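What follows are several structures.
What follows is subunit A paired twice: with subunit B in the first complex and subunit C in the second.
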Partner chain A sequence: MTQFSRKVLALVWKDMLSEARTKDIFTSVFVFALLTVLIFSFALEPGSETTSLVAPGMLWVAFTFAGVLGFGRSFVLEKEHGCLDGLMLCPVEREVIYWGKAIGNLVFMLMVEVVVLPIFYLLLNLPLDSLPQVVLIVLLTTIGFVSVGTLFSALAANTRARDVMLPILFLPVVVPLVIAAVKSTGLILQGSPWADLWSWLQIILAFDVIFLVISSLVFPFVLEG
Partner chain B sequence: MKRNSYSWDAVLMAASFFLLAGALYLVFMWVPTSATSLEGIAQRIFYFHVPLWWVAFLAYAVTFISSLVYLARRGASWDNLACSAAEIGTVFVTLGLITGIIWAKPAWSVWWTWDPRLTTALVLWFIYIGYFLVRAYAPAAQARNFAAVISIIGTVDSFIVFMAIRWWRTQHPSPVVGTGGGLAPEMLFTFMVSLAAFTLLFVLLMRLRTTLRATQEQVTALRQAEE
Partner chain C sequence: MATETTPSTLAIEVEAVTKAFGPRLVLKGIDLALDRGDFLVLFGPNGAGKTTLIRILSTISRPTTGRVSIAGFDAKRKPVEARRLIGMVSHDTMLYRDLTAYENLRFLGKMYDVPELEERIHSLMTRVGLAPNLHQRVGTFSHGMMKRLSIARAFLHDPPVLLLDEPETGLDQQGIWMLTETLHALGSEKKAVVMTTHSLEHGLRGGTRIAILARGKIVYQEATRHVDRGRFSEIYRECTEATR
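After this line comes the complex of A and B, so read on.
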């Protein structure tokens, strides 16, 4: 294992440990995501015919807003206890901090999604054979959310009105991800084959790769000053 | 030196004033309404709509490049350039969206549609609203870095948005200028005058805004030195 990945894993371990003791992020994000699904069920009244039309939208609104909440917490916690200054004093490159926080965020988001997704299937009575494809879409899209979410949460944590700044920056940027995720989830729920998914998965993959690279490159500038 | 730069501003101001007035005359009195267009007289908004977008893209390109240079080299003047262009670009994007909405109703019989160009423009507009909010809310020492980062992310994102929505749906008329054919000579002339007028206006606004911002920064520095 290289020096770089060992440092990154040390940072991820720190986040896991503090999360395991406080359960701060998981609890709030999980409850929030479930409540979003609940409110949508009353707002849209999905019946048997409309379910496959509204379900993708419900799912992705829940995950997008849950993401905003979770990413926001992750840097605000660092900021509140002066941990961020400690992190910056560590003899590690700034990119290491980005990857550490990004992987930490990814793990938290996936943990929430792993629990919310089955409940969502159960509540809306969705076809179970669509699950493997939906899991793949969720995994790839969450990587995209995390790539820009980690960068913007570090940025927003250093501004006044940080709770408002993160969604204002994050939501317009993830528009292409949300489009691709909703479209591909919808296709799968309507029983389309794997091949139809491909063009949408390409957009999600392109977003993931491009923004992981750009975010890790510009992240040092966000911590400066 | 100073006197010289003021006289350039005066020349630019006069030139863009007369060109804009000329463009107004050409658009409303001279050029015939395109015979092929279904929307009738509303077609003439094209002479303002397209130059507005041209300036908007020019401005955002200036912001993107100056942001990159600012992160690489530093220097407040690059940040000044980036932020001034972003402000002017956002004004033009807003006007471009409004003229587009006015045109869309007679042409498409809806005010708005989720077409790639429209959606990309709207997303970019939102990203730059975030850009200005961050400049206002971030501590002065970090605001410039933050703004540059948002401009870079926003520019790259707009390409992905465009791709995503092109696969999703498309309705906007394709470009007719420079593809040969499509535009009658009178229409092309009117369009070029309008394009020149708006481009000169952009150069003028950029000069005024960057000078103003540089002066603002000098005043702030002097005030801090006094305290």
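After this line comes the complex of A and C, so read on.
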């Protein structure tokens, strides 16, 4: 294992341990995502054709806004008691902090999604055979969310209006990703073949790669203000 | 652990450092040179730029112009190498409240690649008098205990350069004595130390050199042994009022 990855893992371990004690991020993100799905499910008849048309939008509204909530907490917790300064004092490239935080955010988001997705399927009586494909879309889209969310949460944490700033910065940038995720999830639920999904999947993959690279490069400047 | 440096290299070298936040110039050309064993105490009123200077020395913040080098490593070109040589105690503890003292130090030790980490943690915790609290969550510590742990944190990788930014903040008189004793017990006199403080008495007792920073400039600098302690508060008032 390289020095870089060892230090990234040390940071992830620290965040996991802290989260395991407080459940600060998980609880807020999970409750928000679950409530959103639950409230929407009351408006629709489970298993109907309308449900499979509207369900992708519901799912991604829940995950997108839950993400905003989770990312917002990740750097705010570091700012408390000067811990972010302590992290910036460490003899590591700033990119280590970005990747450590991004992997931590990814794990938290996936943990929430792993619980919320089956509930979503159950409440709306969606076809279970589509689940593996939806899981793939959720995984790839969450990587995109995390790549942007981690960068902007560091930026927002340095501002006074941090709670307002993160959604203002984050949501416009992830619009293409959300559209691609909604469209591809919709196609999967309608039973479309893989070939129809491919163009949306390409957008998601391109977004992931572009924003992981850009965010990692820009992060040191954001952190040092 | 501390990287080897050539004997001729100064521990801290600051040349013509300025720092602007938007149109506001906070530091207006700071020059400093400290060797190992030097203990510079920096006095100054609120807003003089003390914390900004410490943040620049620690590489947390970048100067607008000018150069900082730590034991010969340019803070801009070789920030990782420079950071490895710096320990810092701030008015913030920089400790994770939800983790235990051991977990805080272990995480940090991994980030600094501290060899024989377990022994180092146990030895430091004993020296700062917190060995019985090793596996206690930091959030349950008193302010004095947190301060001692933040000192252990700063000494974990045995840095040759120590930055103390108002370390006595929030401590009572007994706490300040404890702080001074702990720093001495850990061998701060063998390091290059820069300390900012508002306490004239504490600063005059601890340092080998003193300086007054006012309105972004060092307006007074002298070896502590040459300072008339009885007159210093008057000198301080003159220096800070002259720049208002």
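A few points about this structure:
Assume the second predicted complex is superposed on the first by the 218 of 225 C-alpha atoms of A that agree within 3 Å, B and C clash if a C-alpha of one lies under 4 Å from a C-alpha of the other, contacts with A are read in each partner's own complex, and residues count from 1 in each chain.
Throughout what follows, a contact is a pair of C-beta atoms (placed from the backbone, for glycine too) under 8 Å apart; a residue touches a chain by one contact, two chains touch by 3 or more.
Quick caveat: nothing in here was measured; it's all calculated off a predicted structure.
With both structures placed on the common chain, the touch criterion links A:Phe211 to subunit B but leaves subunit C unconnected. Applying the stated contact rule after C-alpha superposition, one finds that A:Trp13 touches subunit C and leaves subunit B untouched. By the document's definition of touching, of the two partners only subunit C reaches A:Met88; subunit B does not.
Of the two partner chains, neither subunit B nor subunit C is touched by A:Ala55.
Legend: residue contacts after superposition of the two complexes on their common chain; A:Val37 is shown touching neither subunit B nor subunit C.
In the superposed pair of complexes, A:Ile179 makes contact with subunit B only, with no contact to subunit C. In the superposition on chain A, contact of A:Val68 is made with neither subunit B nor subunit C.
When the two structures are aligned on the shared chain, A:Thr22 is found in touch with subunit C, with no touch to subunit B.
One of subunit B and subunit C touches more residues of subunit A, and that partner is B. Shared contact residues of subunit A, touching subunit B in one structure and subunit C in the other: 224-225. Chain contact summary for the complex, subunit B toward subunit A: residues 71, 119, 123, 126-127, 129-130, 133-134, 137-139, 141-142, 145-146, 148-150, 152-154, 156-157, 160-161, 163-165, 167-168.
Contacts from subunit C toward subunit A in the complex involve residues 55, 58-62, 80-81, 83-84, 86, 88, 90, 92-99, 103, 107-108, 110-113, 137, 153.
Partner subunit C is touched in their complex by these residues of subunit A: 3, 6-7, 10-11, 13-14, 17-18, 21-22, 80-83, 85-86, 88-93, 224-225.
The touching residues of subunit A, when paired with subunit B in their complex, are 148, 151, 155, 158-161, 165, 168-169, 171-173, 175-176, 179-180, 183, 199-200, 203, 206-207, 210-211, 214-215, 218, 221-222, 224-225.
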